[in-house]
């Protein structure tokens, strides 16, 4: 992966010396970087002096954006897809002529799966690199760590992950779904279509699973007729032994096993479920099901399709969506990373949401006619993106989340999902749901 | 005066080392690097408190704690709790902001509200008062260190066993902090801290001031460490490390001595944690766990486990290296750092300070010989306890 | 039998390691001001006996009394504070600090953790150190790092460290091991002089040395007391000759 | 909370038949055994290295990962080149994992460990550095993502001894692998000349050298053996969990706890400790939540170690 570095001037001898060492080494990497010979065809219409009034690192021919994900550490597994999707979108935008005639340069920073590092790098991107926007973060914790910095320094963050809600910052565009968008419709579906009455909620121990299960519990107990929660369990992140939990589930015999297990634990969880005789087929026989909101194509690749076949997931996007936008997107993704995945990339919900980020930013900048953060922030409401792989999306007028559909997929042996249901309308994002607190 | 010179400054070479460090921290760095990097330095320096504590505890006392992150984290959480309550109280005044929309109960930390806690838990109340927070910041880690120390040292748990048990404690603590998210902010930690007694700690000026405060704290800790290690207690520590039985058969209660240094190290680490929060603006359980604790030992080992000043250099070099390499060559970082640890333990068990002491004076003499006729240049950097 | 003037009383002392009785029912009385030497073949339990007295090993059975104080279950430092000090077989000194500091650390002032922090090097401490240093022939070497002393000097230093506390009972494990002939003579003299006014229990193999210093000799064999008495009588005891002294 | 109360109630027999409770009890008992097998597999290699040689090998987890990746590699080779072999590649993978991890362990001892025998705490630092290097190497070679080996059909699913009881086959496999391996290690240490040499070297290095034992080689082989066992453990783990470059780190503290709790140097102690911790955790997980179970077990182990620092099994000798 080549890392494009900008030549932001630095003071201080020590850092200058180090920078020059780094620059020498980076020459190899920057061969693949963008040429500066690009001429901006619309420079007359959008002179730099008017589109960039706040001293962002943006010139006549290029605009700098930041990318802040974990490339190393435990979260690298999950965040790789987002990094790749954002790069694909940026490449496509550049091929189309860039944003306001300016091609996008990326400054990539590694959050190293460590929240203070995220904060430090966010500061660097905003203060030192003066990037026009940042695409990044994955876990809630990393977002929470950088949020005050984005608000303080007035930066813009496009955040791709489905998450717990309870937040709506003017400095963040949330391209993934907040909890209610993902949970409520899926539970309704399980209740109406499958006749489910009892639910067992399982999660990794941190804020997103806990908040999601809390919303799910309230919805099940208050909104669904005659339904109840028969168990709620949390395990530490990275936990790999679920036999006791599986026994509890067996004893409670819930109609729906509602799983919000994340990360590496997933593999152990599904493997052990299968070993204990709980499979998609065996559940179906008893008219029961396993419904997850945390397992995407990305995870299934590590788990192995044979372990999850027949389970259900509620997402807004599946790689197998048959619409034209998506077919083009998947093909482009496979084309760009053909050396890495030889045409068999797994693209999950978050990866797609990350792909939306650069496009939404482009549309917003063009609407605002400026790269200035405040103007982008003001122009964000109502921005549409019609070519989204998931279909049509639009930024909410007030809370910076996306209107999007929810879909149900059934997992297949090959690691893909059969899309078996789809919410009829776009679901309104509601990060502060009334009645779910 | 003379005894002050000897016991606090550590004689001529000690004074030179301290002056060089102070100049570097208080003059050279602020003049040569920008505010962003300086803030990073402040963050690293807050880790150096632990490294200094480990010099006393591990280098001198021979007690290797792999759970020092626990105490560091407690200090951080105490400070963060205070700042968070202040932020929560102020948010009520900023009605109309985005945050206010999120809160059903104004005046308690936002993460509590997200977890349906509508009343401040009782153990959060002391953190409404700044003096009490400062006191608890020292008292809580010291008491925990005391309990652990008494329990283990009285039963003569030492060396490897102590290291592994402290590690387990640290881990248990992390799991607890993560799982009680309504009380502690869970894995997100305590974020979005804004003001300290009404002073906005996020402005560049404030960050600069905090950096200088951190430096002063570090120099204070070094002076304190110098003084302590120069007392009979300091020599007893060495004695305990090398000849525990002899100390015991000289009529000392070895367990008390070990507990004492462990408590001091805990309190000092805790102060570092508090400075970290001021520098960074949030606290996270990720910092309390095993990996950072091992890093802290490594800072100390790289700098020289017998050198208080070396520990500071060790922290700065390893942390800076980590940031630099992770910015420029993320993959290389692990290979490089792994090799450095192996190299340091195998070739330079005394760390940087040992290397400087070994190669410094001959080099200095050579330079002095070459430049005999010229006026003497700045003295070679000597790192001594 | 009651000897009220005895300093150290061991009664039916037994210690068992996984069933093996290293010291088995030893009863021993040492009078005030007496210098008792314990001899016996390897594995007889001599060192273990000293370990028991100084609290390093806790007995499975039996009782230890010193100056009417029961030491049996006390922690080591309490036993030391009761006036019983121990010298180990291999010199056990603090290698990285000077002879002076070695002696200073052994000074009974500032024995608590906090006391040690606020310990001041007062003139009486210095005077005491110089006095002891003179006694142990090290007064010219006070500033030397202890590690650099010769083997014999280290042994003396350790004895000196014991003396700092002005103890009532010295437990010495092979104090002349590894010493030159001249050093042995000096040490014998030293022991004689320091044992004035206090009791001592010494383990030794060098019979010539034993004869020079001992008031009374106890012979141990297989964890038990084989014989006890004056050197002249012991040397003639056929059992002792059999197991230890050789023919 | 509701879950907790429900569970207590249902165990009291409310609304559940005796058959069901019996079934759960059997399965839960097996879950405990399963965890025991995992702990023991992890700890066995470490018990040999830490217990016999007093070396703190923080890279132990990485040797496990190494064994796991060896398995993944073999499974991939079989899949792409000889799908017919997929049924029986697994036993081969176990042997391969042993030799790969063992060989790397051999080199590690030669390059690093032998210089640090006098400084056990320093081995901790050096091997931590080593584990960083290994992790990055895995990441470079195998990629950062989670992977898992393709399991042969016969290792998947469960069998039902009777109605309502599912015993996972991979669990049975894990348990038997663990028992066989433990048997082999014990036999090797206590009933062979090699084992005698190892024990002699541990007890008295100088004496062992004096009577003609090549102590250098013995140390090296012991370390390699410990690493090899870790490799086999890693291979066995692929049946229940996943592998990622940093997976080793997840196990290391648990592993040390088991060895220390059992009493360093005692294989029997390690077995007992693994059993005790596993059963406690498994039972607590069933009645409390997974998170609290972990905290309780860690706390209990720490407290017991404070009371009994020498571990469960320790020989009493003159110090």
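Labels A, B, C and D are assigned to the chains in the order they are written; within every chain, residues are numbered from 1.
Following the convention adopted for this analysis, contacts are C-beta pairs under 8 Å (C-beta built on N, C-alpha and C of every residue); 3 or more make two chains touch, one makes a residue touch a chain.
All values derive from a computational prediction rather than experimental measurement.
Comparing the chain pairs B-C and B-D, the larger number of C-beta pairs in contact belongs to B-D. Core chain by CA centroid proximity to the global CA centroid: B. On a Cα centroid basis, the chain most remote from chain C in this structure is A. Centroids built from CA atoms put chain C at 45 Å from chain B.
Annotation: 36 Å between the Cα-based centres of chain A and chain D. Put simply, the C-alpha centre of chain C and that of chain D have 48 angstrom between them. Multi-chain contact residues, meaning those touching two or more other chains, occur in chain D at positions 139, 291, 294.
In chain C, the residues that reach two or more other chains under the touch definition are 56. Shown for chain B are the residues that touch two or more other chains, namely 175, 178-179, 331, 334.
Residues of chain C touching chain B in their complex: 54, 56, 75-77, 80-81, 85-86, 88, 92-97, 101, 104-106, 108, 110-114, 116-119, 158, 161, 165. Those residues of chain D that touch chain A in the shared complex are 2-3, 6-7, 10, 16, 20, 24, 27-28, 30-31, 34-35, 38, 139, 144-148, 150, 156-158, 160, 166, 168-171, 239-242, 244, 246-247, 250, 282, 285-286, 289-291, 293-294.
By the touch rule above, chain A contacts chain B in their complex via residues 3, 10-15, 18, 22, 25-26, 71-72, 109-110, 112, 114-117, 119-120, 123-124, 127-128, 139-141, 144-145, 147-149, 152, 164, 166-170, 205-207, 210-211, 214, 234, 236-237, 432, 437.
Residues of chain B that touch chain A in their complex: 32-37, 39-40, 43, 98, 101-102, 104, 111, 114-116, 175, 178-179, 181, 186-189, 191-194, 202, 280-282, 284, 286-287, 323-324, 326-331, 333-334. The touching residues of chain A, counted against chain D in their complex, run 72-74, 76-77, 80, 205, 229-236, 238-241, 243-248, 250-252, 264, 266-268, 271-272, 274-277, 299, 301-304, 306.
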